[in-house]
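Note that the chains are named A, B, C, D and E in the order they appear, and that numbering of residues resets to 1 at the start of each chain.
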Amino acid sequence: MFVQLLFLLSAVLTVGCAVAVAVTKNIMHSCIFLLGSLIGIAGLYATLGADFVAVTQIMVYVGGIVILMLFAVMLTGGKDFASRAQNLLGLAPTMGNKWTYGIGLFVGLVFLLTNIKLLSSIMKSYPEKTFGNEFPSTVSQIGHLLVKDHVLAFELSSVLLLGALVGAAIIARPRKQ
Amino acid sequence: MTPAQFDGLMPIVILMGIAVLLFTGGHFVSVLLAPKKPSLLKETPYECGEQPVGSAWSAFNVRFYVVGLIFIIFDVESVLMFPVASIFKELNEAGEGAYALIIFLSFISVLIEGIAYCWKKGDLDWVKSFQVSAKNNK
Amino acid sequence: MEYTVGSIAPIFLAPVIAFVINAFLGRKLPRQGDWLATLSIFVSFVFSAKIFGDFIFGKFATDYFIHKTFTWFDLSYGATIWKVDMGVYIDNMAAIMLLMVSGVAFLIHLFSTWYMDHDEKHGRFFVFLPLFTSAMLGLVLSDNLFSLFIFWEIMGFCSYSLIGIYNKKEKAGDASLKAFMTTRVGDVFLLLGMVAIWMVIGSVSYVDIYAAIAEGKFAGQTVIGISLATFAGLCIFLGGMGKSAQFPLHVWLPDAMMGPTPGSALIHAATMVAAGVYLALRMYPLMVLGDLTWFIAVIGAITAFMAATIALVQTDIKAVLAFSTISQLGYMMIGVGVGSYNAAFMHLITHAIFKACLFLSAGSIIHSIHEQEMPKMGGLRKYLPYTHFAMMCCTLAIAGIPFFSGFVSKDRILGDALYFGFMAGQSPLMAIVPILGFAGAGLTAFYMFRMMFLTFYGENRMNDHHHDHGHGHGHDDHHGHEIHHEHLNPRQNVPLLILSVFTLGFWFAGTLTGQSFGKVFGAKTEWFKILVEAPKVEKFVGHPRETFGSTDSKPTVELEHAHYHHQTGYAGPNPDEHKIHTAHTIGAILSIIIAFSGVFLAYLMYIKKSVKPLASTFSGYTETLKNKYYFDNLYVDLIIKKGLLGFNKFLSWFDMGVYDRFAVDGWASVNRWIFKAAKWFDNVIVDAIGVDGTGVAVNLFNLVLRIVQSGKIQFYFVMLVMVLASYIWTLNI
Amino acid sequence: MISLISYLLISLVLFIVGLVVMISRKNIVAILLGIELILNAAALNFVAYSRFVTNNLDGHIFSLFIIVVAAAEAAVGLAIVIRFFQIKETIHIDEATQLRN
Amino acid sequence: MNQTLVSYLSQYEFYDVLLGIFGKNEGLLAFVVYLLFAGAVVGLCATIGGLGTYAERKISADIQQRIGPNRVGPYGILQFLADGVKMITKEDVMPNTADKFLFYLAPMLALVGVFATLAVLPWSSGFMMADLNVGIFYLIAISSLVGVSVFLGGYASNSKWSMLGGMRGASQIISYEIPVTISILSITLLAGGMGFGTILGQQLGTPINWFIFHNPFAFIAFFVYFIGALAETNRAPFDLPEAESELVSGYHTEYTGMRFGFFALAEYIEVFVVCGVGAALFLGGGNLPFNVQFDIIPLQLFQVVIFMTKALLLYYVVIWIRWTFPRLRVDQLMSICWKYLTPIAIFNLVGNAVWVVVFNGKSIADLVFGGH
């Protein structure tokens, strides 16, 4: 019962905040709605029994990516913010207009139809399974998978992150003239 | 987890709900009780009595971003280390301690490499990069 | 035989290790780690030689293969199989290829240690060369299209890096970009073809594809209205066209000569460009099923001939070799197309050897005299005797002189082409395949000997020109007259001499002449014919998989003689046996005559000087050739929105191209008349009528391009989703 | 009540919203937000499949690595945005049409 | 999920009685139990937070040889209630240029983030609301909401002081999260799990079994954790985001009334939570110092008392530090985090990993006294 409730709550939070991301005019608000959506997804992970992934989601996205995005908005805000601040009700110049939204919705619709087609064909070949009754702790299993089956990906991800760190630091570093 | 075991997640939701309720409730009470006498001076951001010039929402120093950047990389690396650390003891007891140690240390060594790089390049020096960027802004 | 992965893996891993060490520590090693790279390739060579020995000298049956797989990822659900296996697949063809690649690569590495000495890019060169070699070996070892594609892209990257290795030169950067982008066109198609196959049979493993063909899984499957086999085969062949520099996508290869010569020898002559042919050979059953062989043959023929004509007028020694490479790759494609499976593969091998040797010789010359323009050479024979010897052997081979390897392989291809064009009941239009093929063969003999004569014979012209260099290697302070007599240098000449030994035909044919008499090796005399044959797809149905770590212990069976057959490559009596025999006999005689007449003409022009070089006679046409049929201009102009001019030139080429096979045979008067007619046609018809119409067309095309190439990333998103959606809807997944 | 299809539908909605954001917004940071939504939709699918179909944890690993890659992507992407802003003084996506200069 | 409050209580008979009252509806009963317990915990924490403000003033007064609040109630102990009433009845002022939505949202996020951490706080071996498998990891993760709220508080005010404070606060919080996380990683490695139950189960008995005394690296890790936690909660000497002498009051300069109160409440509760976590991870939490074979509710309450004592002692140290050490400069702040704490934390982690492998997971005490 609680699972269903949690699922509903998370689903509403996820989808509602995602839609808000799309329609909000203020980029800062968009970021915050993204935060809500990501927390909702963490809730969905929790309903799937994926506790570690759920917490990772919160840890990386809420603690990291969203803050990074907020920083980036602040660092790039100047001009666009100034114009937005003077015209609180009007559309911010960079947030799109009815044409771009029209194109976006059209493409979204195309994708939706395509996906419904795909989903219907996939669903035909899947027998619906019910919830398994036992779902043991994921952490130790994930740990074993990381050091056994996926050890290469595990090690390489550290290299990837190092590369991202070095690359982004080089790009973002204040330059000497 | 059986469906019933998901109930263990209940306190998290309840506590979050309490937080939201407490906030809105407290806010409501304050709306009821608190006086409401707005004036222009009150609604002006406090800048030590001076008239604020322009908005505070302007471009900031890139320094903050670099800190955030280093943070997120370390954050993600520590996230990946958590499950391995959790089973480290277990692996050691199963006789695979050396293997686990090698895996773990090689992962950490890349982390150390990252911090060494940033250290060497001065990304960890707040003042130095302020000076550099001050020159940059001229 | 008991094979484990352990005896195969070093072939691929040794160069990878060398690459990693050189990439990170190369600067600290003595000689920047070139010895390490060379050593690693030698390790590969030793292991390859073991496999080659086991496969070739009778331990295994003709159709024996080692196949070990592990599942990389598996998205199967229900009865639908969607997975990618990775693994190793070695059959006779792969074994031969492995030995060739590792052997040639080893010799080229050895040569490079001499050639790149004291070069500023020495270290970087020896980072990419082992990486490239490992990728090529990996490509040969791989058992599926997916890993093939990975290695394919790594090779593309190495090629890009090596072409642009002198990154201070702007031309080098442009050339590397051009090579990367042009091959990318093909790669996209390759990926598309791969996905199409994967969608249908759920695997991209060779054996699964063969089995699916045998089981008829491709029957009735269509993509956008054409049969799936045709679609996938075409896409995969287009990928091969990009890599193997076939006709519309050949433009990158000549520019690729900006890189160091040994790099060109390995990548752009011996191995990487042959990967396209190798792919076509691997996918041969699919090509047959998709009825694409005629297309391959025609593309090959056009390439072979067109490149040969362009090579006629090039003055840069590396450019001549580059175009001759394109031309020879065209022959291989003809071979694939006309069903001459093992001859195509044999030509791949022989060409790799003699063209590597030619490039190395050219490198030897360039490094000795710091000059690569042939008009400024001449008379080098007495300075560079060993190089001359090696280069002469190779030239004889490529020209198709009997007893040399090129004759053996090319003659078979041409014989089959003759059969294909005139006797196999194909459309009469297919006659252009043998016609262009033979014409190209004559041209090959002519331009190769032109190169030899201009370079090594006649008087030394170097002192005449020493003012205007511009093609030097960066260090052009000592110039021209300072060449010393060549001494036998183990790193400079020995690779050349070793390679030149293998330009003899009997290594490959087993007979001295390449025909059925004069056998050298006894019963196994025609080992190439026996061992290399088109995959028999039926064999692969229900073939059990072996795990990656398992020991391979299939029973070894005695060698049996395979029959040499057309189109299908399956064993069994061929009703057309005698026709083929006739075609081969005619082909042999014709090609001998044509080759010798080409050589003779070159001799007349450049040694005796009794015939004036045709360049002066057909100045307009020569101009076209010198501009390589304006292909570069065409592409450049189309892209940078000046398409009209390029399109016009393209049309003019189109008109003239029909006739120019007469250009060399001395049919001067006829040709001149036709040429004039063509010119008239070009001027009057095209300019007056064609310009308006084509102008509009080109403008329209430009308009589309301008929209598509806007650089607006959101438009790309839209396109991406639309293409994805259309793919899903048309494939009706 | 909760089955695979419900998760798939949520992830579909997320994906489409992300797509719409990516296409209709002109602010580069907003486009990155859209990309995050899309990545999350994919990761959610992985976990849902691993719960309902494959019954092992490979899907979890996949989504972990998706999160890792998303972090790296956000870091580098935002760094590029910041550098772009320093050069062009705007983060309007249509200004970013050239690879050079 | 090892154990929850409900699963713990269900071993007692009175739970079955309760279940009967609720018509065998386990979910509903669990909800009620959790709700009651959560309410109690929140009330307790709010009291602790309120008393924290009082204690802070009183202790600072002690240190500065003043008297401190002494008017409201005995020894002024009801001062916090008076403060609370003041906050509720104070006029709620918002700058007219502020971002209203975020201005409302920021304190709420702080409150949500801090309250959610209470769900896994181990009051005793039985009285934890949820002993999640990912307990401590979850705690770190969800408390990062506070960082967002600090940033948003600063941003939404649209005042320069607030903005600077918010930026500083957010970057300080995220920076110090790294050494804290890595120190906690060390403990995870020693305990072989992230759940508080697992971690506490390893520290049973006498203080010699606490993780702080497990090995030298863990000992250092405790101090790294504690310093990092101070900075993460914006406590002095790391209180740069609200440095009065520089930034007026930092990110909550523009906040008044109830919303300021919530910020303050969240901050004080968070300090208590990090102290509690420190006590649980390193100092044996609520474990009894002796072995008992039976388990009754009063014993659990005794555990709660032990836990509270440890946590409040740490709390006292936090306040003590505040009034003893001068504030750091921004550059010192960053270099302490990245150049000292993080390398030391990584060193500790490596040391702990090597220790586990070399000594087969035994602590110093085990090695000396031959335990386990």
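By our rule, contacts are C-beta pairs under 8 Å (C-beta built on N, C-alpha and C of every residue); 3 or more make two chains touch, one makes a residue touch a chain.
Because the structure is predicted, anything quoted here is derived from the model rather than measured.
Among the remaining chains, those touching chain A and also chain C are D.
Chain D has its Cα centroid nearest to the centroid of all protein Cα atoms in the structure.
Annotation: B-E is the more contact-rich of the chain pairs A-B and B-E, by number of C-beta pairs in contact. For this pair, chain B with chain E, the centres built from the Cα atoms lie 16 Å apart.
We define each chain's centre as the mean of its Cα atoms; on that basis chain A and chain D are separated by 6 Å. The distance from the centre of chain B to the centre of chain D, with each centre set as the mean of the Cα atoms, comes to 20 Å. Between chain C and chain D, the centres computed from C-alpha atoms are 41 Å apart. Of all residues in chain C, those touching 2 or more other chains are 77, 714, 717-718, 721, listed in ascending order. The residues of chain E that reach two or more other chains are 1, 27, 30-31, 97, 132, 137, 155, 167, 170-171, 174, 177, 193-194, listed in rising order. Each of the following residues of chain D touches two or more other chains: 19, 22-23, 53, 64, 67-68, 71-72, 74-75, 78-79, 82, 85, 93.
In summary, the structure contains touching chain pairs A-B, A-C, A-D, A-E, B-D, B-E, C-D.
Within the complex, the chain E residues that touch chain A are 1, 27, 30-31, 97, 99, 101-102, 105, 132-134, 137-138, 140-142, 144-145, 147-148, 151-152, 155, 167, 170-171, 174, 177, 193-194.
Across the complex, chain B is touched by residues 64, 67-68, 71-72, 74-75, 78-79, 82, 85-86 of chain D. Of all the residues in chain A, the ones that touch chain B in their complex are 1-3, 6, 9, 46-47, 49, 52, 56, 59-60, 63-65, 67-68, 71-72, 74-78, 81-82, 85, 131, 133-136, 139-140, 142-144, 146-147, 151, 154-155, 157-159, 161-162, 164-166, 168-169, 172-177. Listing the residues of chain D that touch chain C in their complex gives 19, 22-23, 31, 53, 93-94, 96-99.
For chain B in complex with chain D, the touching residues are 59, 62, 65, 69, 72-73, 75-76, 79-80.
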